[in-house]
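Each in structure tokens, the structures are laid out below.
What follows is a pair of complexes built around chain A, which joins chain B in one and chain C in the other.
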Partner chain A sequence: MEWLFLVPAMVILLTLVLFPVLSSILFSFNRVELRPGAVALSPIGLDNYQHALFEDGTFWKAAGNTAFFVAGVVIFETLIGLGLALVVSQHARLRRYLTSLLLIPLVMPPVVISLAWLTLYDFRGGVINWALRSLGLSPVQWLSAPNLAMQSVVIADIWHLSPFVFLILLAGLQALPIEPFEAADIDGATPWQKFRDVTLPLLSPVLLVVLLLRTIDGARVFDKIYVMTGGGPGTSSISMIMHIYRQAFRVLDFGYASAMSVLMLMVLILLAVIYVRLVLGRQSL
Partner chain B sequence: MAGLALSAACAPTPAPPAAPAATAAPPATAVPAAPVAPAAAAAAAAKPAAGALPDLKGKEITISYPRGEPQQLEEISKAFEAQTGLKFNRVVLPYGELYDKLLINLSQSTGAYDMTVVDDPWCPQFFSKGYVQELDPFFEKAGLKGLDSDFVPRTVDLSKWPAGTGKIMGIDFLGNVQLYAYRKDLLEKYGMQPPKTWDEVFQFASMVKQKESEMYGYAMRGKAVNPAVSAFMPIFWGHGAEMFDDNYNPLFNSEKSLAALEFWVKLAKETAPPGVATFDSIEVTRSLFSGESAQSMVWPAWAGVLDDPSQSKTVGKWGLGVAPAQPGGKGGSMMGNWLLAIPQGAKNADAAFQFMLFASGPEGQRIHAMQGIPPTRSSVFQDPDILAKRPYFKSIHENLQVARYRPRITNWGAVENAFGTQISSALSGENSPKDALNTVQRDVVELMKKEGYLK
Partner chain C sequence: MMGTERPIAVTAATPRPNVGATQLQAFTPVQGLRRLGGKALGYALVVVVVAIWFFPIYWIGNMSLKNDLELGAVPPTFVPQQPSLDSYYRLLFVLGFDRYFWNSVTVAAGSTVIGLFAGSLCAYSLSRYRFPWALNYWLLFLILAVRMFPPTVTLIPLFVFFRDLNLLDTVIAVILAQVYFDLPFIVWMMRGFFADIPIDLEQAALVDGDTKFGAFRRVAVPLAAPGLLATAILMVIYSWNEFTFALVLTETKATTLPVATAGLVHEFGIAWGPMTASGVLFTLPVLIFALLVQRNLIRGLTAGGVKG
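This part shows the complex of A and B:
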């Protein structure tokens, strides 16, 4: 009878996760129309998938932008977060002040962060361009130049979420056993050798979890882009979720939006599997 | 339209007294006679709305409308409540959320709302797919012959499906339309006449850019999709371009379309503030109110603020006119009207219809007009009290009579998405105008086939 205790959780999981996923998959093979009192489906085979992969230029643009965003935020947030964590874990007093300071961006809602950065990036009145001007440099169109808009959003995200990586890695560092480090000291290891051969391998399970979280979360970026650039100028900063959202709720092509969601889900599952393999692989060594 | 949200404190003087009986006591005098001479029919149509308001005590309706400043329908519904006893549940939502909620509730006939406000780009979808109820039977039951002649004709067209000829599906009660705004002080300074063509707009714009320090010639919303399309339409139409021929064949890469887009990009590159490709209402209004830009197409809510000293540094310096047009182009500013409609499955449709008559009637629209929300009735536009308080209403009336509406196609959202992404991209220099329009043409042909307009 113990399994009865699982029922509530399973019911919630099934209705909130499995049902939407299954209906997305169903929608993706159909043309979906909202008719009075009904959701009308007419099967069209693989048309939606074909459209995404072979006809819709914006799909690939969005995929490229999303990959760029993920690569940018994962690399820089990990480097910055890890660097900070390493420094802070050595200094107890820094830890007290810096940790609470770095929590501030984390507790702010993403929309507020985006609006703040929108103001900072403003061409005429923004602080960043003001600083450039007072240094005698020419101001930059941070969000309205097609080749810069995506980078600018990446920078805002790095500012927002590096502290997240920092906090988790800091916790990871503090939980490491002390003996291997003592052994390394006795053997006369240099700080770099200690970092490369002791810290990094011991920290890697935590590091991989952080990478996994940031990759999946980064791939779903929507709020910052919606607020800061609207995907523009043109399509130069459109993300996958932004494209899916527009196709679903502005263009009203729910079938096509579902097909793109399914494609994205497949890519993310693949990435997750690779990460998890890496984590488990390390642990079994 | 989104622009309405901006008129925040445009009317520091309070809205008309909440007890409407004081302002509109004897309906006979409060309602100026309809301007059209054979008033028999018009007067008969206006009368039931203004004169004999029904007793609706004990009844209750739920209405939904977008959040805004000033708040549309709030004062009107209070006035109606006071006079008839009808109780209101008001669902006030931000613009984007309202659309999402309506989409679900109306398409699934949930009966959540008895009456709703609908933005005009949503109409083709809501009207054609039966999301809202046909209103002709309601008019018949009330002994009325449809929308009377006091309504500006284009707003009657918009209320019907198919537009202009079909059945009445909504009542256009809010005549939001673009106006052409220009700095008349600078025109005088350079001895120029108010521009009538887009070439003259460009000349004035370059003059300002070259001669004035820290000033730009023309501000526009270039942010992808809806803002870009709204800003571009007067220029597009003004160059004689059309989106579709009579058989719904897309004409996006025609010579005239290309000329229009090339003009827009040139106007932006040479005379507009940097970064217009991501400008939306906030950036454009800031540029106008701060005295940075000399011209733009503006919405009525912004026009109200141009001369408001608490928000604008340019009080008294603006002229308003109808949208310019190139020789041979039809011109026309774009309408962004709001309509009242009864959702399919509404539980109290009859009471809701009584309220719609009142809200779109002279008395209701007058309440809105005093708050700075544009009406759709000529009699209200011409009301001396209102003109004295809001002189720019004259320009709204002029523009509304020659304004154009977006194509009435059921997949407008999809077409706007394709068009608005590409023109924004051309504006930013990411794409050439020619490539951008070829892409739009290809995409829209596909969309029109998908929707069954083309084979």
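This part shows the complex of A and C:
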């Protein structure tokens, strides 16, 4: 009887997740052609994988960009989120107001956030270049200079998701036991010593989970890139998902796009397994 | 296990046991100065944080109220000089965004209802029954891991199959894709809310001759109603905001707001006015929902982060 409770979720997982994932793996070993009303598969062995790893320069460009994006957002979002959480956890009133304010970017549509930054970055009429000009500096091509486009997207993402890291770390800080801090006070520890030797070790499980979550989410960045740069100029800000999206839905090479998806899945599954074990390991089932 | 709220309440509400020690420190002049400096630093921080996170939001609103002439002005004006609703008018009556709005509403409602039905049944049984072969653990494992997959790994086959089934560019396709995306969050959140409910009441219902499903429907669901509402609202927000699946699975008829709004960037160069107006109209419902259930929402947003 209790098995029946699982049926709807199982049906969804099987039809909308397991079946598509297996199909992706199948597609990746084939040339996939969309004919009217049907799909035609012709097996080509490992050609798609070989093309990705050894022939397609854009694949490695996208992989590098994605790694750059992940490194940038994870480092800065963690620093900003942790710093804010540490300060705010000491002040009850601050906590209430800043938590409400910083909730807003998290629930805003990412597309709208990208648009907001698009207006701020605008070369001619954007506020950022206006500020630079008023300071006597020369304006910057934030989104159309090949060496800057990716950084600009990283900044927008930091604005969007530092609050996420902040909220999780704040909740983590609040849940810490108070006794170790009292002991450190009695021993006359300086604030820095308290942070380094008490807060950081106690907070490290939560910190690790946040780092993993942001790494996995960052690796899948798509909407911000799509709206703000379209992957350009050229391929200078193309991300892995952006490249796969283009190969699938612009070039219509579904086999090749599936092969890249599967490669990416293999990397992400490693991280996901570490993450899930961390989160589930601490609970009694 | 979803008890992260409780320790917060305890530390915030009860006085620290070592009040004496804290006060003693506060009386020394160095500590006093440091506290004052700390306070000033705190206020400075608030000002900076508020400015940085408020400004881009303000700016969309500001741009949406300008007329075309003012939108192109260099330097940009910080307050609309001649406020006009022209962009909103164009958005709704010329570009036909009301259609996309209703598509988004349909997708959000449909996916939330289906997702909540499947997800809360699954979460309930995982928190109440022990299945063989450690299925509780592995199912939860799978559900959480699925959330981490690259979207294209499911999206490409779904596109192909929906095409074969003639479902491309229908809200049904977007709803189904959204359900898969929502399910992990729902199971994870609802499992915690069900675990918070004492099991005795359901047992009483079972003793009185109710079926297991009856106990779920008549006892557990009403008791978990606040959690159910918070989960529902979070899912509405997620599906309202979702971009990637809707972009791929729709073309013109079933286009949702995020896709239509993003389309304004490429179709006309950049149509700043309608684009920012759409940004405002598109964000408002989400903000209202978010402020309604703020507390439980934070619990949901941080789900999977600090549960232990």
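Operating definition for what follows: the second predicted complex is superposed on the first by the 267 of 285 C-alpha atoms of A that agree within 3 Å, B and C clash if a C-alpha of one lies under 4 Å from a C-alpha of the other, contacts with A are read in each partner's own complex, and residues count from 1 in each chain.
In the analysis below, contacts are C-beta pairs under 8 Å (C-beta built on N, C-alpha and C of every residue); 3 or more make two chains touch, one makes a residue touch a chain.
Keep in mind the model is a prediction, meaning the values are calculated, not measured.
In the superposed pair of complexes, A:L213 makes contact with chain C only, with no contact to chain B. Touched residues of chain A were counted for both chain B and chain C, and C has more of them. When the two structures are aligned on the shared chain, A:L13 is found in touch with chain C, with no touch to chain B. By the document's definition of touching, of the two partners only chain B reaches A:G231; chain C does not.
When the two structures are aligned on the shared chain, A:R124 is found in touch with chain B and with chain C.
When the two structures are aligned on the shared chain, A:G37 is found in touch with chain B and with chain C.
In the superposition on chain A, contact is made by A:L252 with chain B only, not with chain C. Once chain A of one complex is fitted onto chain A of the other, the partner contacts of A:L200 are absent, as it touches neither chain B nor chain C. After overlaying the two complexes on the shared chain, residue contacts for A:I274 are found with neither chain B nor chain C. Once chain A of one complex is fitted onto chain A of the other, the partner contacts of A:A183 are absent, as it touches neither chain B nor chain C. Looking at chain A, you'll find residues 34, 37-39, 124, 230, 249 touch chain B in one structure and chain C in the other.
Across the complex, chain B meets chain A through its residues 99-100, 103, 106-109, 125, 129-131, 222-225, 273-280, 292, 344-345, 411, 413-414, 416-417, 421-422, 424-431, 436, 439, 446. Looking at the complex, you find that chain C touches chain A at residues 1, 4, 7-8, 11-12, 16-18, 21, 41-42, 45-46, 49-50, 52-57, 59-60, 63, 71-76, 117-119, 121-122, 124-125, 128-129, 131, 134, 136-137, 139-146, 148-161, 163-164, 176-177, 179-180, 183, 187, 211-213, 216, 237, 240-241, 243-244, 247-248, 257-258, 261-262, 265-266, 270, 272, 275-276, 279, 282-283, 286-287, 289-291, 294, 297-298, 301-302, 304-308. Looking at the complex, you find that chain A touches chain B at residues 33-39, 55, 57-58, 123-124, 139, 141, 143-146, 149, 229-236, 238, 246, 249-253. Within the complex formed with chain C, the chain A residues making contact are 1-6, 8-13, 16-17, 19-21, 23-24, 27, 32, 34, 37-39, 84, 87, 91-92, 94, 97-120, 124-127, 130, 133-134, 159, 163-164, 167-168, 171-172, 174-175, 178, 182, 185-186, 205-206, 209-210, 213, 216, 219-220, 222-223, 226-227, 230, 240-241, 244-245, 248-249, 254, 257-258, 260-262, 264-265, 268-269, 271-273, 275-276, 279-280, 282-283, 285.
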